[in-house]
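Some structures to go through are shown next.
You will see two complexes here that share chain A, one where it goes with chain B and one where it goes with chain C.
Our next item is the complex of A and B:
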């Protein structure tokens, strides 16, 4: 079988201890929670850190807490726990759904929401064994200089594939990040960059500790859609999260749409609120929004699935998301 | 021994004598029942021992260096320095194994390690044995190879060009030929051109099968060991121990009598382990070189390179029929994309035409099949070898003929039923339950209320097929039996069955155990089975072409009846019952005319002891060879595809197509299969469901394809189980298995195959159901959502035009 490289495994019990280890071994260390993404990536020699800092023993990172204003979800809460949490199901159904659609049952029990938010970008030329990548001549994201998705491209366009991050954007979630210089809170909308090589704004030594999700207003509705080949296991071929704020007279006050699994970050589509504001959410409006989304979305050949078809599925997902909201 | 004494013997496991009353003269006691497999609990509880579970003292681990180029000459290879790495024991290259091999004796074109040239990305180049896998991997990385890259051909059409012939993948065997052609077969039966002209309806179309691999759970694994006397043993996850033993001896230049092959439990094979592989030669030679046991376990990625899966096939079919639906002429052309080596390709090329001629009566038939080398992992036999692709093209063609004639597609098939007798290519069919299969799926699926009548998006489709129960001739020409079984009866009542069949999950051990229990009257739990060890059990040629139940089963019956006759004779004399009335069943030997009579029965162990006292140790060898007279035509190639008995299948698939996304949700597949006689209905149903599943998976999802373009050309698109998608339980339709039994005189108790035939109709039945659902013809596999979406889009663009090429001729 594929073998892992040798590494030292650390088991801190507090966030401070974890940060200290990340700083101590800076440049040769990675945090590991569920390991469901990192371990296969290490087997593919995409990462070969000499030290792994396990986050599983840190109690303060595991809780899911609810207060009047919203939820604080520990970064190492398992995807399965969030997906089944009765409070989350009631108040944050789109997030619970996104969690429930990640991979399969066994991996959801191991995999964590923080790990999913920080999921490495994915590409058909990158998520392969060392033998395969070497035969290719490597790529821009790892060990090479050429992009094979966009020939001649100088910017990595590996696909952002984190279902939960897509769902968290229209929820206006905030990420609590702790590092050697203390902690900071960053809105998830400002967390991602378009660089597929490393698309998270996180400094070495920093850890995502928890996710704060404000309680949605009572006249707000969310929907999350995932396009995948099988009813289990698969990463998204397309992700869509939609939020509609209704006014008291049931007109659309604002409408946000986030699409992902195309380029390297979850993209908030433009103009949606402008088009929809002050109107009834009718079939005609839904169709107009679907066409607008289609115009703005351009999936790439970063996965071995027909990009033209994926693009054609954008309006389908938009219609399904908005129909779900009007139902 | 006095009968009273015998009666006192242990009766554990014997049936209640009262139950024997219900036994008719030919009722089965064990066969025909849903008995558990002997290995079932071991597998279910994780206690089964597979090759990789074996560890021998001092065992080394081997790794292969594989080619990063699709086609290249090896200019230089520097490997010996790696033996200086601590922990590395030996390294071998192509120069160490110069003898070519191949499963088909006429096309030996492979080397365990590349000699001079590599022919696909993943072709093995060198092999290192070290103390552990990490060290072996490091040594493999340190090997230096200089390649001169050659032009490579990823499609058969490219390999057939004159330019490609100038730099062929394999040297031409004759001057002036293109070395890239493995095999070409052209056969014609009857007046195809005349009858095509006379047909009232002619349907013509191009079809494409894309290529799939087996994806067994267990990766290939082999261990080589040389004992103190120099005897070589290779444990391997193979399905052909006998052929492997022969090829190991030939390539390693050893006396075949000094080579032993043992097949531990195999975790799935499906045809992907039915020939010798690089790893088996490498562990053998490395064991000989180092004097230590050597293990090599493929990574999942390596399975996609060793491959031998179903050939991509481009097919052209023209089918002519009369106005009343009778088939008059079938004309077929197929181009097989073979990958880098021949494997079973010679047979595949024949099978792509020869196996199409039942269950329908074809008045005339012609096929022209060409297999071409390409710079891709080699294709070979996958469940339903060679005939799944043409069956798809043909059964979709039949659906089009039915549509043209506005005839129910089941009715069309019924009208063309051949019954028993000779196929157009002269195969002898002695049993044929295809009509019952059609009736079973028609009734179970509620076909008449559904076909053409469901709402847009939902549809049903039907397809039929035929398959072989073993090949009439072995792979290397010889007159010896194809299968043999040794049965030993022990005085405790235990029966041992030693047979050569390869248990690969299909149930050959269970079948032999059940036959022995039935024939010798012991409870199933008293039978021990030892199989697939070339030193200890009689020969069998292996688990391929669905041959085990019929061939090894017949050999087992032959052995058991010899022993049974001896036991019955002894019981007859002792109890003074006519021998014809002595029955062995349910743990007893008894008078079949008075089963409940205490004075006229003995516990079976007592009967065995009686017989052993009179005759000496009880045991017998049985064998089976195929009939040679009158089973096939005498033309060149007429033996290939000939089988002692043929199985038949019909499927109805019901699908729901999402017209927006193109996703095809297969709701139910009703599978009716004529297996002759179900020796264990549970195992037969398992094979039917598993086959239908595999066909469904190939139709909907699975794709073994290579990337094109520069520099990625020739790289496998998805060499992992994440990206090579096989359907999960959530993606599966409901499978409804309907057993049909048209007993065949050649089969044991009438039994025929069940492990491959039921795969074929899945693909065309789903295609035909998609047509019924949304009115598009999916002539090109697979039916992934993007492809169905495109077909629907093209249909919308083309509304009002012809939906497929066909012509109805006036007159006749």
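Our next item is the complex of A and C:
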């Protein structure tokens, strides 16, 4: 049995009300949407805010809207809704797939896409009960000074584990963030930092309100792959999102790969476009790209799954993704 | 007397929550930091829903919130305000087990019983949306519920039997008898466990 600490629960109905509450209780408050990440973390005493501001009652944050140029997905649209949305399935299959692969059915009905993008980083030495963490002398990410993953490390390397964020990077999504000083739009490529303690560029009092996903060009293909211990419920031990832009004569014009669930942010792999541009997407090229990805990816012992095996699976995911695209 | 007196402290900050539980309009004072699961079990005494991992992994606490199977261990109780909650205790409309509960009992899908209330809720939502699910549909719908006894085979069979019984308007026992008539090893059916396991009562 894992008990929560006492807190006061607020249920605003507009974004403005929510931000006013975040400002009023600044320093002792957190927003909560689906709660599927925050509630277990609070039960582990990783966060113990005196106030919670629920975003579930805010109608303007729930909509999924399509227009000629793309989609605007409300941050509190559930993962289940995005995964089943017929428009998203048609136009953004890699995102719909990423949503469908987060956790299990009950958690996808509760968890939101905005919450997934803002998911706290995860680590073997962090996502544990207070008793467990205390026994080990805590860690760099929470209450301690030592990293147990990288001995002597001074920078937290907890793993970015948000499936949807990985899929949104090559889709060139933009995040609409509203705060006490007004609103701003930031490309998701500039949202994450390499600091595993807090890897999102968001100021206190700010809320991710919606996600703008431009409509992919007709000659572009996307694929999303996830590796996890149990396909039914687990967090990723590897994430890979691939985007291929084809030229009119079906040669590769550009190719992007984003890998995650290794370090603290989803990372765009280098050289892929240079290697692939102007060539047919053949088995030989796929093999070459798989080896290049293997060379660039170095999973750490930040989750209880053998890091060497995870690295060996990188080229497997690359082949799966590119085979899906050539099919 | 309160079912779990030690768990409720007079010092806790409380608020009034109004919601419908198994069809009954309920209004009760709850410590503000309680989950829906804690409210069901320790305030209302509905101990059918189980507290397993208590952090969203196992699915034993699954209940229906406005018809959707969700995890009550991760739901702040305030989110149930004004909504309808169905737990395993409320799955049967009358005094007798529902066809789904009956099928679980008949096939041996309910063994130790710890995962059963959650699985019944997940399966109920599936059957409300899909009257003839195949094995893949059933496996998908139950993929957030861990069972360590059955290996799932009997659970899948129970959901199939319940779906078929409901479609054809037959008793689950008759459907199961027809399915097993060609088997050499089971000419008779037995209720494996007491019905308490599948009704949560």
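In this text, the second predicted complex is superposed on the first by the 327 of 327 C-alpha atoms of A that agree within 3 Å, B and C clash if a C-alpha of one lies under 4 Å from a C-alpha of the other, contacts with A are read in each partner's own complex, and residues count from 1 in each chain.
As a working rule, contacts are C-beta pairs under 8 Å (C-beta built on N, C-alpha and C of every residue); 3 or more make two chains touch, one makes a residue touch a chain.
Note that the structure is predicted; figures quoted are calculated from it, not measured.
After superposition on chain A, the partners chain B and chain C are seen to clash.
Shared-chain residue A:233: touches chain B and chain C both.
In the superposed model, A:39 lies in contact with chain C only, and not with chain B.
When the shared chain is aligned, chain C comes close enough to touch A:107, but chain B does not.
Of the two partner chains, chain B is the only one touched by A:313; chain C is not. Within the superposed three-chain model, A:131 lies in touch with chain B and out of touch with chain C [touch as defined at top].
Of the two partner chains, neither chain B nor chain C is touched by A:86. Contact with both chain B and chain C is seen for A:2 once the two complexes are overlaid on the shared chain.
The superposed model places chain C right into chain B at 40-48; the other stretches listed in 40-48, 94-102 or 526-534 stay free of clashes. The contact surfaces that chain B and chain C form on chain A in the two complexes overlap at residues 1-3, 104, 231-233.
Chain contact summary for the complex, chain B toward chain A: residues 66, 68-69, 121, 133-134, 137, 219, 297, 299-301, 660-662, 701, 707, 711-712, 715-720, 722-723, 725, 727-728, 730-731, 784-787, 789-790. Touching chain C in their complex are the following residues of chain A: 1-9, 11, 32, 35-36, 39-40, 43-44, 52, 54, 56, 103-107, 109-110, 231-233. Those residues of chain A that touch chain B in the shared complex are 1-3, 104, 124-125, 127-129, 131-132, 134-137, 148, 227, 229-235, 304-306, 308-310, 312-313, 316. Residue ranges on chain C touching chain A, taken from their complex, read 12-13, 15, 31-35, 51, 54-57, 59, 62, 68-71, 73-76, 78-79, 81, 122, 140-141, 143-145.
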